[in-house]
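What follows is a group of structures, each given as structure tokens.
One chain, chain A, links the two complexes that follow: it is found with chain B in the first and with chain C in the second.
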Partner chain A sequence: MGIQFKEVSFQYPGWGKQFFEALKDISLTINDKDEFIALVGETGSGKSTLAQHMNALIFPTSGTVEINGVPITAKRNKKIKYNSIRQQIGLVFQFPEYQLFEETVEKDIMFGPKNFRVPEEEAREMAKKALNMVGLSDKYLTRNPFNLSGGEKKRVSIAGILAMNPKILILDEPTSGLDPAGKKLLMNLFKSIQKETGKTIIIITHDMDLVYEYTNRVLVLNEGMLEFDGTPDYLFHRHDIDKWHLDYPATISVLRSINDKFHYNLDIYQKTIDAAVSTIAKAVQS
Partner chain B sequence: MKNVIIGQYIPGSSFFYHIDPRTKIIAVVVLMVATFLLETIWQVLIGFGIALILIIAGRVPIRKIVKGLKPLYVLLLFTLVFQIAFNRVGTIVLDATMQISPFSILFMIAATIIWRLLASFKKFSLLLFFAYLVGLFFIMKNLAFSPLWTTWQLTIYDQGLIMSGFVIIRLLIIITLSTVLTLTTKPTELTQGLESLLRPLKAIGLNSEDFALIISISLRYIPTILDEANKIMNAQASRGADFAEGRLKDKVVQVISLLVPMFIIAFKRSEELADAMESRNFVPGKPRTRIHDLKFNYRDLITTVITVLCLAGSILVKVL
Partner chain C sequence: MSYIDIQNINFAYHPKRPILQNLSLSIDKGQWIAILGHNGSGKSTLAKAIIGLLEPDFGTIDIDGMTLSPTTVYEIRKKIGIVFQNPDNQFVGVTVRDDIAFGMENLGVPQAEMLEKIDFYAEKVGMKAFLDKEPAELSGGQKQRVAIAGILAMQMDAIIFDEATSMLDPTARRELMDYIRELHNEGLTIIMITHDIEEALWAQRLVIIKDGTVFRQGTREELLKEPVTFIEAGLELPVGLQISNALKQMNALSLELEEHLWESSLKK
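Right, the complex of A and B next:
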């Protein structure tokens, strides 16, 4: 089970006969258990497009996406219940404005569960729980989602998907536009969800620090092609990642320049600031 | 997003594309008036011939014009039936007794089924339809065996045919003219031309510049809004609101879930646009320059001459 891409290509229609090839011949397998995946790549490389394939929002132009055993191809199939696929695979969109529409935050978060026939009271419970999970207090339940700040909207939209309790969670740039504390809170939330439930979580992000610290698998997209699929350690050990327009995490960059400038021989592959600091401290003391 | 082409404009570079939009608009209006001055079938036929020559000379794809006629098939058909059935002038060209019996009903049903089956050949749909009508006529005239239910008399007079031909051809000319205008003129040029033509109306309080600005901004934002609608639909579908599935009651909620963000985003967009325009010194009502100024050239002269000739011609045949 999980999600399998088999030679998937996707074209956005353009004017007239032109089209834009957003994904090119992508094959990849995502398990529905125990993965914390980062999907990275420069702006316009096709990350959001790939994510929308994972819950059958858009269909491949050629190739097959198999979602929990259900094959999705170019043609819409009357026999397939797309809604139930989308219940299993929760996708949080890059821009929360497109998702919010109810008059209160509570109703908005309940929209997903209710579509999947969860009883009213239970949905209300779920909404409250999901809201607290993303770090907003109960007093937001009655607020109008359109009057929230950008970061608050983002959190509410994430709560709206969390409340659906999907088997696989996909988040399109969940931390963009958030303050540092909010960023940390959300990443820790995803990590703990991942740890406790064993769900697979996929985040799209431009933040290599998060990729290195939290995830255990990285997919690199470049101009619609899947260029790399492996562990973050393996990725950042490479010296040619700037050809994919990627950067190194701050810890690696800093430790590497310390090594270069002061001719140390520190282990530069430290995932967190704390680990990097203690490496430096050890070197300074000795 | 699906291909949306606003208006019917198709890019090209023939004669018609280089005429000033104002000249084009006025010419089309004048030619329409001239068409309405014509009184006999021969005159409209000549008018239609001239229109055809112009289209071919201007290399406007006839296929597109035929496509533009599609929504009017019903109207054309209605005209035909109405004229044939109720016009009682001139000599009789056909007088037939039509009969309806259980048999002929069966035949008619069969004919209808065949027609619908063949209708998948979209190219000949109009031809097929006429064949179907002729078939019905034949069945009612010849294939009604007893017992008869009703009979009625179909009488067609020659003036009925001629009048319907006249009305239809006149309509064809007018539609062709307006289609050529919209096919060869960008919507923005059209509004600019209209604005320029309506400017004298400022005296009675109608500000054509505002009007044109409103129209061109709306046109500009239609694809954007469609794109946005698509994104919202996807975002809601990912929360289980797929428009293709679900019961009617759910669908109502789903439509609301689409409309509310659309309105909010549209309002927000318009506010942002207003701010952006003001921050770049746009002042409503103040005169503005443009990137593309409208200019007359020799083509406008040719167009004007042809138009005036056509108008003069139709006035002449009316008076003589």
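Right, the complex of A and C next:
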């Protein structure tokens, strides 16, 4: 189970008779548990289009996306319950906090489950559980979402998707607009949700520091093509990632600049600042 | 006298939760300043107060010798423009051409002069080839540049960038920062609202906002000497400086290494 892309291409209708090919011949497999994946690439590389295929929000122009065993192709099939796919694969858009609309946090989180015909009481339970999963206590249930801080709103809107108990959670630039503390809080939250529930989490991001520290697989898109599918370690060992418009994580850049300048031989592949510091300290003290 | 002079402004949506508290700040003409603070520190509220999008409960804001009030606000908006975080929130035209024209139309600029200016400023921000494009055909960085062209066309003195790069990818972000530097070199006053220290370090002067008031201000070199200031304000230093400070505490930092880490972190 999970998601399989088989030679998927997608074209947007362009202006006049032109078409814009957003995805080109993509094949890849995503397991429905225990993955923490980063989807990266510059603006316009096809990241969001790929994510929208994963929960059948859009359909491939050619090829097949198999989602938990259900084949999605260009041709719509009346027998397929597309809504049930959207419940299994939760997609959180960028700035989901703009989409809050109910008068209490509880109602807002319950909206999704109720929409998928979960009975009222059960939806209430799911809402509470989801709220706790994003690190907010029960006392938030009765709060008005519009009076929350930006970071809290973001977490409530993520809880709204978690309440549907999706197997895979996809988040489009979840940390954009957050300050460093807010970013860390959210990423640690995803990490713990991932560990505790075993759900696969996919984040779309431009932040290579987060990719390196938190995820265990990276998909690189460039001009609609899947250029790389592997571990962040392998990706950042490559010397040619700028051709995909990617930066190196700051720890690697700083350590590399030290090696170049002082002819040291430090192991530059350190995922955290603490690890980078102790690498340098060891070298200096010996 | 400073170009912008803010005296003791206070603002609250709810009396128990003040957002700006006795905030005073002066900004000279032609300066590039970064206003730094964590989410919720009040920095965006300050930006809105400066261009009169919200009125302080008390305190005064003087701009170019004029006190901001409901009667002067339209005069002041001819002097200071703002570029917001989400480029989609401020694109009002059907095409790039319309969007650049919008502000000038409001000012009643004659048609012939307007057309000339549209061409000139579109060229200046590198968007001339896109004049007939619709917003849906533009990237976020391109939309931001269109917003800047609209502001420049109105011959403003100052531009506020309210987290204007936070939705851009790294390439577009660098392009915008390089472009802002050009504008500054041409004499525009630049006010950057941000929580990204890397970005703030492009500015001449940093103002750190915490709990709705000015927490510290100074040149970047002055402020970076006390890293604890940034931590107390909920901000993070560039990774190179964090490494430098940690090594220093462990007595594992040579002078050469310190110099290298600072130089490479501050180079813009």
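Everything that follows uses one rule, which is that the second predicted complex is superposed on the first by the 251 of 286 C-alpha atoms of A that agree within 3 Å, B and C clash if a C-alpha of one lies under 4 Å from a C-alpha of the other, contacts with A are read in each partner's own complex, and residues count from 1 in each chain.
In the analysis below, a contact is a pair of C-beta atoms (placed from the backbone, for glycine too) under 8 Å apart; a residue touches a chain by one contact, two chains touch by 3 or more.
All values derive from a computational prediction rather than experimental measurement.
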- Is A:55 touching the first partner chain B, the second partner chain C, both, or neither of them? first
- Message: Applying the document's definition of touch, where does A:181 land relative to chain B and chain C: first, second, both, or neither?
- Response: second
- Message: A:161 in the overlay: touching chain B, chain C, both, or neither? Say first, second, both or neither.
- Response: first
- Message: Contacts for A:19 in the overlay, against chain B (first) and chain C (second): which applies, first, second, both or neither?
- Response: neither
- Message: Under the stated touch criterion, which partner chain does A:234 make contact with: chain B (first), chain C (second), both, or neither?
- Response: neither
- Message: Just to be sure I read the superposition right, which of the two partners does A:93 touch: chain B = first, chain C = second, or both, or neither?
- Response: first
- Task: Mind sorting out which residues of chain A both chain B and chain C touch, each in its own complex?
- Result: 15, 95
- The answer for chain B against chain A in the complex is residues 1-3, 5, 228, 231-232, 234-242, 244-246, 250, 256-258, 260-261, 264-265, 268
- Query: So in the complex, which bits of chain A are touching chain B?
  - Reply: 13, 15-16, 52, 55, 57-58, 76, 81-83, 86-87, 90-91, 93, 95, 97-102, 111-112, 115-116, 146, 160-161, 164
- Inside the complex, what are the residues of chain C that reach chain A? 38-40, 85-86, 137, 139-141, 163, 166-172, 195, 234-236, 238-240, 242-243, 246-247, 250, 252-254, 256-257, 260-261, 264
- Item | Sites on chain A touched by chain C in the complex | 15, 42-44, 95, 149-151, 176-182, 206, 209, 245, 247, 250-251, 253-254, 257-258, 261-262, 273-274, 276-277, 280-281, 284-285
